[in-house]
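Per-chain numbering from 1; labels A, B and C assigned in written order.
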Amino acid sequence: MSGKTDAGNFFEDFSLGQTFAHATPRTLGAGEAALYVALTGSRHAIANSGPLAHALGYPARPADELLAFHIAFGKTVADISLNAVANLGYADARFPRPVFLGDTLRAESTVIGLKENRDGEAGVVWVRSTAINQNDRDVMTWVRWVMVKKRDRARAPPPVVVPTLPTHVAARDLAVPGFLDCREFETALTGSAWLWEDYQPGEIIDHPAGMTLDESDHSFATRLYQNPARLHFDARLMRDTAFGRRLVYGGHVISVCRALAHEGLENALLIAAINGGTHCNPTFAGDTLYCRHEVLEKWELPGRDDLGALRLRMLGLKDRAPAELGAPKIDGKYSPHVVLDLDYTVLMPRHH
Amino acid sequence: MSGKTDAGNFFEDFSLGQTFAHATPRTLGAGEAALYVALTGSRHAIANSGPLAHALGYPARPADELLAFHIAFGKTVADISLNAVANLGYADARFPRPVFLGDTLRAESTVIGLKENRDGEAGVVWVRSTAINQNDRDVMTWVRWVMVKKRDRARAPPPVVVPTLPTHVAARDLAVPGFLDCREFETALTGSAWLWEDYQPGEIIDHPAGMTLDESDHSFATRLYQNPARLHFDARLMRDTAFGRRLVYGGHVISVCRALAHEGLENALLIAAINGGTHCNPTFAGDTLYCRHEVLEKWELPGRDDLGALRLRMLGLKDRAPAELGAPKIDGKYSPHVVLDLDYTVLMPRHH
Amino acid sequence: MSGKTDAGNFFEDFSLGQTFAHATPRTLGAGEAALYVALTGSRHAIANSGPLAHALGYPARPADELLAFHIAFGKTVADISLNAVANLGYADARFPRPVFLGDTLRAESTVIGLKENRDGEAGVVWVRSTAINQNDRDVMTWVRWVMVKKRDRARAPPPVVVPTLPTHVAARDLAVPGFLDCREFETALTGSAWLWEDYQPGEIIDHPAGMTLDESDHSFATRLYQNPARLHFDARLMRDTAFGRRLVYGGHVISVCRALAHEGLENALLIAAINGGTHCNPTFAGDTLYCRHEVLEKWELPGRDDLGALRLRMLGLKDRAPAELGAPKIDGKYSPHVVLDLDYTVLMPRHH
């Protein structure tokens, strides 16, 4: 039998400071952009219109931030999470430069934390990953942590290192493209007159639309992102698990929720940071997704009177519209209808 | 609770002459064109081949007319038909200029008719919509009318205004691109030697192929067109309706029928007008679509000896091949197997 | 009733030396490339990255060879195999020139063999087909043979001509692009350090990943390829056959297996030939595909020290992982879990 295939890395294969240059570089263009719309129904203005992007100062039409993120994220899976038991969280995701249609992305990761479970069966690995474009410039960077199986229970655990992670990306650290100019932003183009001044911390937005997922929806998405995690594709493998069936890639849930949230957040032009996030419950084909947002904080941006930042909490729900939800958590435990709890920051034009 | 989301317009929100500049502009390119083929199997020659389009005089590769129509139509839904009980009809759809891959479309609408139902629960709204490209030139215009719910039954009805609509776009009003030159059209490229002279009014064409629709087919299509009508996406919402499940967007039915009709209408190069149309019965995932055409009229075109027009009637059928159908209407009522009755006009090369 | 539709060619419609110029030319670009990834999850390096292709000498980003093949193949169906009872085999498929994104393909075929069945109900037709780009240069050529129904059992059989076909394309006949230069190939880009020297005849590679197919997966693929064979689309038609349901297009099976085989054949950069192939059993939605490879032969290439060729046998499996398979054939008959047995040749960089 050949040794050409790779079973992926197990917990004991990771060491602090270890780096990975992930395969395979990917050119992301007009085809990926159209598919992203077909998969999510996204109507976000800048990624959907070259002339609109141009009018706001963009030198070229950008890719949706989540499309680019999922593609970069997919590259890390073969090295980092092929043997993951659970994706535990995201933090400190930043978008230092836009990804333009036609760009080619590759990804790298560094191990920044390790902690073996008490039972010696698995451990948590923290990595910082970075997506890099064809000009060797960073376009995204994020931390995630996953619980990864051990190959050999008898191996001694590594020293425990748990990285200190920020609760959120501070306003001063948000990357705002220098060319972006929203002083003449036209709300008619997005269909909503609500701008940064109009949203207040504590405000709840229940988005009215729902979307039922089918198997082909999420498997098309996950293949487009070249994410090779088998639990999204192999129904036979999954039949013998507690889930009993294919799991929907959590990134697809984020993207569908972002698209559903267009009605109520039409002018949330750009995602500037993902502060943290949890996939609280599994999502399967047949589930109907809904979305609620809460405004957590609002910030002015240094040197900008055309744009402000909103820190938002996105709750992804399944089989309950927001109005039907009740409390998202009961006794500190998520309702089985909450599938996503994401803390992120958007840029929104200000009134002028 | 936030007032940021919009419940859409109800009947009493419309007034005669009212205009809407619909969100969001959309760039339509090679990705959308490829998806249109993947969704429908369309083999129509001009949209499928840049060099063929160029040989016929096109300065660039055009988008399929229906792809562009569905994208422009989708933009009108949030303002016009989010609270529609029924899409009652289309009329007077024209295509004054081609849409080229890379163009960016936006849409506007004007209310041209209003008539409240006798029961005061809803009313019919007629709108003329126009799609406009990035150079501010009209590329499509059409009338549709929808029955929209009232928010408040007690509101007094508006004056009744029912627009006069043409039965069909007259031959002299058909937009034929000035650059289009079919004098050296090669039928080998489309696979059929039948040209304009060969089709006769009264002729019936039963297209042999059928296509079974799956949920992902129509939901991908409708998301690609950014049509936010919830009845296409939310199976939970639809479970409690008379339909019991998600409805297939009628535009997808038109496109599938147009693609199935390639076998028998290979040289119907361009759609020059949609004269009228009705979605006679609902279409659901699992239905198998078939198509029949009837030639209604044929017209010479002023100043053109390379092209003629055919006015066609497209019948979309479900779960009955054309040969099995029998009469499409019995006692003036459509057979439950007829889902589409569309009157439209195509351009076809003439023998030379 | 109109005679405008075509029932396709029957066995007696074919004659030795007969040629077909198939409809319709197709421009294949960034949209098709993105869809190919979304349909298969393909991570093959050259087609996925413009800069990587450029670094290896490509003047432009190429299309995946199988994407181009399926599109060209699809063009032949209406003329050759609309009335096929069975697709019996492929042979001698070569790829004389790359297909670049933006190219436009058409296809031609010549009948090179005919043999009526003893029962007079059908016959085998051998055709050599060629795909040609917009510059009138051959980009692919292949032989296939299909069993086609007779329209009229009483028609006298044609003289039997069975073409002599090579068992495989010889190493000296493999088209290796002159511009391709793998002397500085970086294995970090593909994620595997195994190169041509590391693979040995007789070696077996069991690829670990599986992929469950859904109806929309294969029907999207087959529509993208504009393959009009009805047995892939019309569930009603298929209900009355021995299969009872829609058949998955065999080309989609090949592409999924090639994508699954990325783990273990990461550096199989290009398909240089398809020597022969059989679809051993039908594939349906719901089946989970797996893949095994066997290395049949390895060849140096004349004048090249940067690249070698591997002749491979790809076994496509359904509902059995390779480790579960046992013998692919028992008493000369394929296991019902083997759906594909493909003999093909790839180019792989050599160590430097």
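The rule we apply is simple: a residue touches a chain if its C-beta (ideal position, glycine included) is under 8 Å from a C-beta of that chain, and two chains touch if they have at least 3 such contacts.
Everything quoted here is computed from the prediction, not taken from an experiment.
Both chain B and chain C derive from one sequence, and where they touch, under half of the residue numbers involved are common to the two copies.
The angle needed to superpose chain A on chain C by their Cα atoms is 120 degrees, rounded to the nearest 5. One finds 36 Å separating the Cα centroids of chain B and chain C.
Multi-chain contact residues, meaning those touching two or more other chains, occur in chain C at positions 29-32, 34-35, 214-216, 220.
Against chain B, the residues of chain C that register as touching in their complex are 1-2, 4-7, 21-27, 29-32, 34-35, 78-79, 102, 104, 106, 134, 214-216, 219-224, 226, 228, 230, 233-237, 246.
Considering their complex, residues 29-35, 37-45, 48-52, 61, 188-192, 194, 198-199, 203-212, 214-217, 220, 263-266, 286, 288, 319 of chain C touch chain A.
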